[in-house]
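For reference, the structure discussed in these notes is given below.
The letters A, B and C name the chains in turn, as written, and every chain counts its residues from 1.
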Amino acid sequence: MNPTAPLPSAVIVRDLTKQFGRFAALRQVSAEFAGGKLYVILGENGAGKSTLLRVLAGLAPPSSGAVEVLGSSSVRAVCHRVGYMAHPSLLYDEMSGLENLRYFAHLYGITDMPVCRRAIEEVGLDPDLPRAVGQYSQGMRQRMSLARALMHTPALLLLDEPFSNVDVASARAMTQLLGSRRDAGTTIFVVTHQAQLLQQVADEFVWMHAGRIEKRTRTLAAEVSA
Amino acid sequence: MKPGFVLAAVVVFLLLTYGLYQALEVAPTEQTMGDVQRIFYYHVPSAWTAFLLFFVNFGASIWYLVRRNPAADAVAVTTAEVGVVFCTIVLVTGPLWARPVWGIWWTWDARLTSTLVLWLIYVSYLMLRRFSSDAQTPVLAAALAIFGFADVPLVYLSIWFFRTQHPQPVVGGGGSLDPRMWHALLINWVAFLAFALLVCWLRYRLEMLKRAVENAHAAAALTGDSGSRR
Amino acid sequence: MSFRLAGVTLTKDLRLEWRSKDAINSMLFFSLLVVVIFSFAFEPTAEESRQIAGGLIWTAFLFAAVVALNQTWSREIRNQVLDAYRVSPAPPNALFLAKVFGNFLFVTLLELLMTPLFIVFYDLRALGQVWLLPLLAALGTWALVVNGTFFAAMSLRTRSREVMLPLLLFPISIPALLAMVQATRIILVGEDSVRFWMVLLAVYDVVFTSVCLLLFETVLNAE
């Protein structure tokens, strides 16, 4: 699968500011991110990581500044090529995994079953599992949530804390999947507190602090000791 | 206080005083209703003023939805609040008039009831503004204002059909009104409108000032270095 | 595209409701309570009840509908599933229509179940054109449900959202309620024509369905 020819820049933000009342979650962030790479976003709570993803996903309009996603200044216009995974599961607890995915596939105009089944298999789950998502373990739920985000083979994947409360085996499987998607040309942003899990596949580490991007580094280790 | 405001306040005060004099002294006593009819010079101008303010609120709401202009939202909140005050005056003076004249406090007549429904709609508008978080208030309120406006003709029609017991329109009823009564009515309307605009002006400035303070805090949070949480 | 998607979303909602039965159970029990309390509070003769039944029935349905409407979006809020809809290219109005149809079905079902109770408790026998009642019920229910669904979405963005819904819905619904109550009374008593009220309700439905569809996307994305 090659969702897009590699773009010069998958995401560009200019003077991006997002304020909630008196609290500035993002403060005049300007940055460019090349396509086909995997970025890991790091920072303490309240650094603006999740807000950045929400703005890029089109869920939160910026207070000021501009965003360009996949060559378009309107996120809405390219939203069918963006996948978003949030901290909550974004799934209906009362339905099985396959039922959930079939519904969300419809939202993207995908009506054939095999696509949904393949997405579930890709994250290492059984599509025929009859259990409702509400009875899944946290790790299974996170994987199903990832399946929902990448089911329509997006060119840009935004993942907020995909590994929280996930067992090591699941996390490793998810990491490998992200690596192979990146190799196929998908641009991936991962917000996480567990950056070491992604050391093998990450292209760049983006360090955020108090609503700003502080620095961008190639490796994780160098900065931890610094 | 700016001199412009003081001047405007003095003019409004003089207008209201002149209006009072006209209503109580100059206008002749109505033959059947007696002196109680003089409340008419306050009832009707308040109603006209309230309706005008609600109309401005509707315009400002659309303007906000199209342009997302914060000033339009400030106009909307101002006119809604002041409009509700004048609408309340209408609803209080109506029964005061009705009791001696018709022998009942309240009647489900079309104009009085429509005014009551209008008042209910705008009180719910103010409640919505109060109960929604700051960032979303303007959009939600503007949407509700459009619902309210679309509702008014339907309210009027339904209640008119339901029951109409009001004295047939006194105004424009074929010259039955004494010219001095007309004069008193118009003077009072001008005075009330001027008074309403004065209050609106104050409220609007207060609102803009509040927003300026909020923006200054927001800007401080933006440039401040340590801890973006205040 | 939009209608198909609305159909898919409606199917999904019905399936979820079938599994939990949250909305329908609380709504049914609530309106049963209202009927019983009303029958204690008012003990009319057959002739009187024809006069007041319209008001009682529709007040009961209105309260019960609010219970259902308040739950419309609660499933979409849990796990923030609504965000999954918002990031997708699916048109917001398809979601809105699905919710309106869903609520319309629930409230209609409720009316079908509760009407016999009213007939029993109040010994109702219509003297007018009974065949108009289903049409009246459909128009009236749509009037309550279309605005109710919209205001429930609006209340999501407010504090104390359960309280907010009736505060927003009731004032705007006054002309529709008046039409429903009057038309029901006329049909039961069998005098006059219900034409004016039916037309008024139809106009109300058209006007507010348009306003809702025009503004829903704006309200959904208000953030």
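Here is the rule we go by: a residue touches a chain if its C-beta (ideal position, glycine included) is under 8 Å from a C-beta of that chain, and two chains touch if they have at least 3 such contacts.
It should be emphasised that the depicted structure is a prediction, and the values quoted were computed from it without experimental measurement.
> Using only alpha carbons, which chain's centroid is the nearest to the whole structure's centroid?
C
> Comparing the two chain pairs, does A-C have more C-beta contacts than A-B, or is it the other way round?
A-C
> Measuring centre to centre, with centres taken as mean CA positions, what chain is farthest from subunit A?
Farthest chain from subunit A, going by C-alpha centroids: B.
> Go ahead and note the Å separation of the Cα centroids belonging to subunit B and subunit C.
About 32 Å, centre to centre.
> How many angstrom lie between the centres of subunit A and subunit B, each centre taken as the mean Cα position?
Computed from C-alpha means, the inter-chain centre distance equals 50 Å.
> Which integer distance in Å separates the CA centroid of subunit A from that of subunit C?
The separation of the two C-alpha centroids amounts to 39 Å.
> I need the residues of subunit B touching at least two other chains; which ones are they?
Only 135 qualify.
> Subunit C: which residues touch two or more other chains?
223
> Subunit C touches which residues of subunit A in the complex?
57-61, 79-80, 82, 84, 86, 88-95, 99, 103-104, 106-109, 148
> Considering the complex alone, what residue numbers of subunit B touch subunit C?
Those in contact with subunit C are residues 65, 117, 120-121, 123-124, 127-128, 131-133, 135-136, 139-140, 143-144, 146-148, 150-151, 154-155, 157-159, 161-162.
> Looking at the complex, which residues from subunit C come into contact with subunit A?
1, 5, 8-9, 12, 15-16, 19-20, 75, 78-81, 83-90, 221, 223
> In the complex of these two chains, what residues of subunit A are touching subunit B?
17, 19-25, 27-28, 46, 210-211
> Would you pull the subunit C residues touching subunit B in the complex into a rising list?
For subunit C paired with subunit B, touching residues are 147, 154, 157-160, 164, 167-168, 170-172, 174-176, 178-179, 182, 196-197, 200, 203-204, 207-208, 211, 215, 218-219, 222-223.
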